[in-house]
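You will see chain A twice below: alongside chain B first, and alongside chain C after that.
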Partner chain A sequence: MSGPSLIPSPLVVVVGAGPAGSRAALSAARCGARVVLVDSSERVGGRYGRRPAAVTDGEVTSVTHPLEVAVAVQHRIEHLAGATVWALEPGPAPGRHLVHLQQGPADDRGRPVRTLTADALVLCTGAFDRTLPFPGWELPGVVTAGAAQALAEGQRTAVGARAVVSGTGPFLLPVALSLLDVGAHVLGVYEAGNPARWLRSPAAALRDGGPGRLAELGSYAAGLARGRVPYRTRHAVVAAHGRDRVEAVTVARLDAGWHPVPGSEQRLAPVDAVCVGYGFTPQLELPLAAGCAVRDGHVVIDGRQATTVPGVYAAGELTGIAGAPAAAAEGELAGLSAVADLAERQWVAAAGGTAPGAGLTPPPPARLAAVAARVRSGQRFGQALARAHPVPGGWRGWLREDTLVCRCEEVSYGELRDAVVARGADGMRALKLACRAGLGACQGRVCGRNTAELAAAFLGAPVADPHAMDRRPLAHPVRLGDLAGPPDGAGDVTSDPPVSPDTR
Partner chain B sequence: MRVLRKEREYINGAADADVVVVGSGIVGAACAESLTRRGAQVLVLDRGPLAAGTTACGEGNLLVSGRAPGPGLALAQASLRRWPRLLAALREELGPGRAECEYEAKGGLVVATDDPSGIALRAFAAAQRAAGVDARELAQGEAAAYEPHLTPGVRAAVHYPEDAQLQPVLAATSLLAAVRARGGRIRTDVEVTGVETGRDGQRIVGVRTSEGRVPCGAVVNACGPWAGQFAAAAGAPLPVLPRQGTVLVTAPLPHGTVRHKVYDAGYVRAVGNADAALQVAAVVEATQAGTVLIGSSRRAGFDATLRADVLRALARGAARLFPVLGGVPVMRAYGGFRPYTPDHLPVVGEDPRRPGLWHATGHEGAGIGLAAATGELLAELWAGEPPHVDPEPFRAGRFASAAF
Partner chain C sequence: MALMTVYVDGERHRALPGQTVAALLLATGRRSWRTTRLGGRPRGVFCGVGVCYDCLLVVNGLPDVRACLRELRDGDRVETLRGARLPAGTETVRPVRDTGEKDGVDEADEADEVA
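Up next is the complex of A and B:
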């Protein structure tokens, strides 16, 4: 810590404690900033922190993630576990933000509401699994690949005894392995894409992903071979069948556009688990609430992880999907950039006579440059990954009139089409109100992107405001009583004449 | 010649529009519906997607309860009478599915939780009764029979059986479906940038759009909160200003938890200075999906940011009325802009400064409820028919001397 000062160091609030967020918190704290690291789970490390778990004498124990230790010993970091940010708002000064959060077990009543004033905000909220709809995907037993993996690695529990894995991307392989590891029979891994595309640019994969990546992929392949798990490319589960839960699936061969090849359908039974993962969808509500620009589903950043909003940085899967090492590099850069900018602001303010903070040691330019180079490499890897695993529109052909596109509100493909074509709803906001897709419990997290793509196909043009469903000013549900806070004093009640909701 | 060709392309070989309606929200849709029913060739233009502005950010209020006797109440009474007839006609014309709007004559319940506002509420209801409103004062304790979960702290309650609700986007898209079925055209993502006047420099002969000129006999300004901007661009400024309204939506609750549209007569808080006043009045109602909508707040300006203090004030108001809601998760919040005028009455009719320029705006938070009568009134005036509501209080010229 430099110089004795009564004024506290600036506060960096980091949302999300996965690889990106943990690294951002550490790098900002090591440069002298006070950091609050907010995460909805109890442990640091995010999705990657869950593994590996071990079973000792029948007890599931999780191994401590190295990042968890690093965060725990860093005294400038306050880790708010089990905390959810429910709203963000600008203020009280330019570049600063109010972060409204709630901490405590998710279903508790009376979770205290707390507000932090962030001098800089680093958003590392990650992404969730993308699923594509198909007939029967609402049946119990159909889960996201990520959920199946979390259950296997975190709880040492298999989601089913006879499972299939379907989707696209290298992530399917460790999911299948995690299932094998907990004793499930994996009937097949169906990769809808054609990852041979990777091999077209092995140099890029080697340079940007590092040799570790290829070794990782190789070990997955070997694991699947040992488990005698068939791995089929250009195939997908296009329907699930069952009465009360999934009992069978239809697998079809796909053409390059993901249209099922007629006559290639094959029924697999019995099946009691279908693990689906078509890449990842970034959790955009907080960046959108902050006003950050979003392009092609990702937060727009500059070469220093700064978003288009002063004082707000983004790192990790919000900016592109490239795996944990790339996310960690982005997080580190975001933390450093936040401090560098705060130090600059502090200096400017000090010259003006007031010092808003103290004790920052901004990173030397060489360090920034080195981290930035790692970030660029990771981003190239992410771009290659995205190119190798596109999601072409042929999946729309898997849908039938009565296939649900929104599971929460049970909106069918036919109802969605009616809202777009018959009612003319050509923007996402009116569309969801016209057919209720995206209005349910998940608030469009599962169906939003698919709905936007389906609407665009009906319209023959991109839907207006495709991110309307990602815009959730209330980023997380809050109990009304918690939002209300303690009851008002009597002084608030006035005896004004009756008020009309029309005119007020 | 180039302009002419573009214009031909734009209107796609069809006849010029008699009327261009600018804005595809509920008010523009209602005007277009009433005009096409009279045989007018109508083109509806919206710079954004269909019904995506104020209409997509409201609760769907069809209310007489909140209105003091006067022209606003007269318009509301006419509109509430008109809505069920209009929806029945649409069902006839379009079939039940396409005309489905979740219309529900659920009734309103206004309650007071302290004696001064109870006295005011009773006096207010008595005046409304004299103006023909069905306002039924409930006896002490009777409110619980209407709303079992209502706070026991109710000191006075008035039941308004005429109040109703419908789903605004469904209503607007149903009206526009009828417009389309009658040969009207609807184009979104086309911005009207100004008007063109004839030789006299006054009368409207067309509009300029982001896709070229469209000749027309009349233009309807149904731009809602943006109507002031459009009026200025058309050379006839109008004091229509935006205020943000915020709504909270809860997770679905068992049917019957909240049965009416319930609001608090006396609970008003003003935060901040008078100019940018934030006002909150608790309004609670269930939708057909089981979710509960919680309003209402008003904050001046085009600031789209949702403020946490507004969300909290809304939650406090709702929890006071319905303590049972305290444990219910709020799932989402949304805000929208409501267009208001200095005298809080809408503007409906032709602008004397620009013959051919018509306004249908300034409905504040009541546009859904007032749309049916507004569209009809505008079409009646346009067609030279005797109006079913006195148009005088809504004329555009009433602001002519005001400084804005």
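Up next is the complex of A and C:
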């Protein structure tokens, strides 16, 4: 480590190396902090920044993401690729946290277990596609929009030859383009909402999204036109058909509440891929494990990306869905705020003779203010996006008695209704016990929000514990044999000077 | 870097460095590689980002590996997963939905949860 001090500088642990996490790591490291950047994939850049290995004239090469270069050359950043954080604990002093992780090939046996002591923790775990259930959505070939895009962009593989895209939000457009790019035929993009809502506040969209945003949307529209892809608003795939894989879909026109308009149903065939995305669900398990407050499904932050828990910051899709540029701005601010707070904490601690670190160059206030202004603009854009693409409850009318609600435990809509109406299950935990919804391998990630909305509709009131399924003490499954092995924390990157008994 | 050799249910395939198991299986024309524990229904890739656990299969004898996240290595042996399999790889649990055992299983589990 650099700097004249023998005391190591404080350790900032950043979880997630997408646009937000990469920026957070870079800004904290450039201010002198040591940074460990933990990410489950092999490469920096996040899901949509993936660049595949490519074969040219028999030689395999790869294209590098710009953030990957920036992180690679920053000597204060240690990038832990292929690493998953499976638990968080309060650390040896207020504001510090123990971060338990495993690194190695996904789900392999014997991945070394390791624990970091973070002086500050920046959570940038992002979000995944929300899907709504509909008859046949469990058939192979029905995938999330994000899966189709990740496979197309990251793996240069089409999920099918004849695809339809359905859901709501501008993110459906690049998904369709990515499919065209890998040679799929896209039969149509079905936007359940009514994006004309954007036109009601074009000035705001221009100010907060910026002209770049509008140009981006324009280029998507042009790409779809070139590919002769029909784009229909107020329409959605309301059923998929097939025996052991999807072979056809039913598309219906929707009213403003997303109830299918009777008689508007059309069958499309043959279809071998259905790509569905109704917005995004933040990965809340780590913020919840840290004790961070969550409101309306997002982590509560102040104007500096600090959560309600001292020493823990959140950035990117955890705090709201506004796209990669907004996430990057939040990440940068989170990294700067973490350093500014550590520099202040260091002063206080030094007065008591237990300086935890040194070598920080806190960012000047003017820089913090400038980044914060970009963050606020991005957040306004995200709020406009959320207002323009609501998910009204008419989708419940797409379900049939035997439509699966929970894919893992194969719980049907009828079984869920009976659990609420006949057996008195009045919350998420009660539902797990009464009908097993949310009890399976995905721990309610896929069905949690839908189940909460369905139960609320049966009850006539919101469930009391909507985030009960998001509390996952083990954020990711860990093979028991790995935990039984000897702890491997001794030689780790940690800012721990020997902890004196009175700091506990 | 060079092309790798891997095996899918014993069949030899070439794979690219950085290629995930799911991408290879899709490229070979497969759409499903697991059956569900209760209904015996086929499943394959769904979320593509490691959160849904639908794409589980067996890699080098180890069950419950997410195909969408796992990158292939030279010589890997991939097997499809029928029902549920114990890590020891000793026995495959057959679908139970149509055997009438389901209610009993439910009650037993519920008792465990409550206790």
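Methods note: the second predicted complex is superposed on the first by the 470 of 504 C-alpha atoms of A that agree within 3 Å, B and C clash if a C-alpha of one lies under 4 Å from a C-alpha of the other, contacts with A are read in each partner's own complex, and residues count from 1 in each chain.
Following the convention adopted for this analysis, contacts are C-beta pairs under 8 Å (C-beta built on N, C-alpha and C of every residue); 3 or more make two chains touch, one makes a residue touch a chain.
The structure presented is a predicted model; accordingly, all values stated were derived computationally and were not measured.
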Chain B versus chain C as contact partner of A:Leu433, first or second or both or neither: both
Touched partner set for A:Arg479, first chain B, second chain C, both or neither: both
First (chain B), second (chain C), both or neither touched by A:Thr144: second
Which superposed partner A:Ala441 touches (first chain B, second chain C, both, neither): both
Contacts of A:Ala366 with chain B and chain C, given as first, second, both or neither: neither
Which of chain B and chain C A:Thr157 touches, first, second, both or neither: second
Partner chain in contact with A:Val73 - chain B first, chain C second, else both or neither: neither
Which of chain B and chain C A:Ala425 touches, first, second, both or neither: first
Residues on chain A lying within both footprints (that of chain B and that of chain C): 109, 409, 433-434, 436, 441, 477, 479
List of chain C residues in touch with chain A within their complex: 1-3, 16-20, 22-23, 26-27, 31-32, 36, 38-39, 41-54, 56, 59, 62, 64-66, 68-71, 73, 87, 97, 106, 109-110, 113-114
Residue numbers on chain B that touch chain A, as the complex places them: 48-52, 55-57, 61, 63, 65-67, 72, 76, 97-98, 110, 112-114, 116-117, 120-121, 124, 167-170, 173-174, 176-177, 180, 186, 188-189, 248, 250-251, 263-269, 279, 281, 283, 289, 291, 294-296, 298, 305-308, 311-312, 315-316, 318-320, 325-335, 340, 344, 364-366, 369
Of chain A, residues touching chain B in the complex: 87, 89-90, 98, 100, 109, 115, 409, 418-419, 422-430, 433-434, 436, 439, 441, 443, 463-465, 472-474, 477-481, 483-485, 487-488, 492-504
In the complex, chain A residues that touch chain C: 40-42, 47, 52-53, 55, 60, 62, 105-109, 128-129, 138, 140-144, 146-148, 150-151, 155, 157-159, 244-245, 272, 283, 407-410, 432-434, 436, 440-442, 445-446, 477, 479
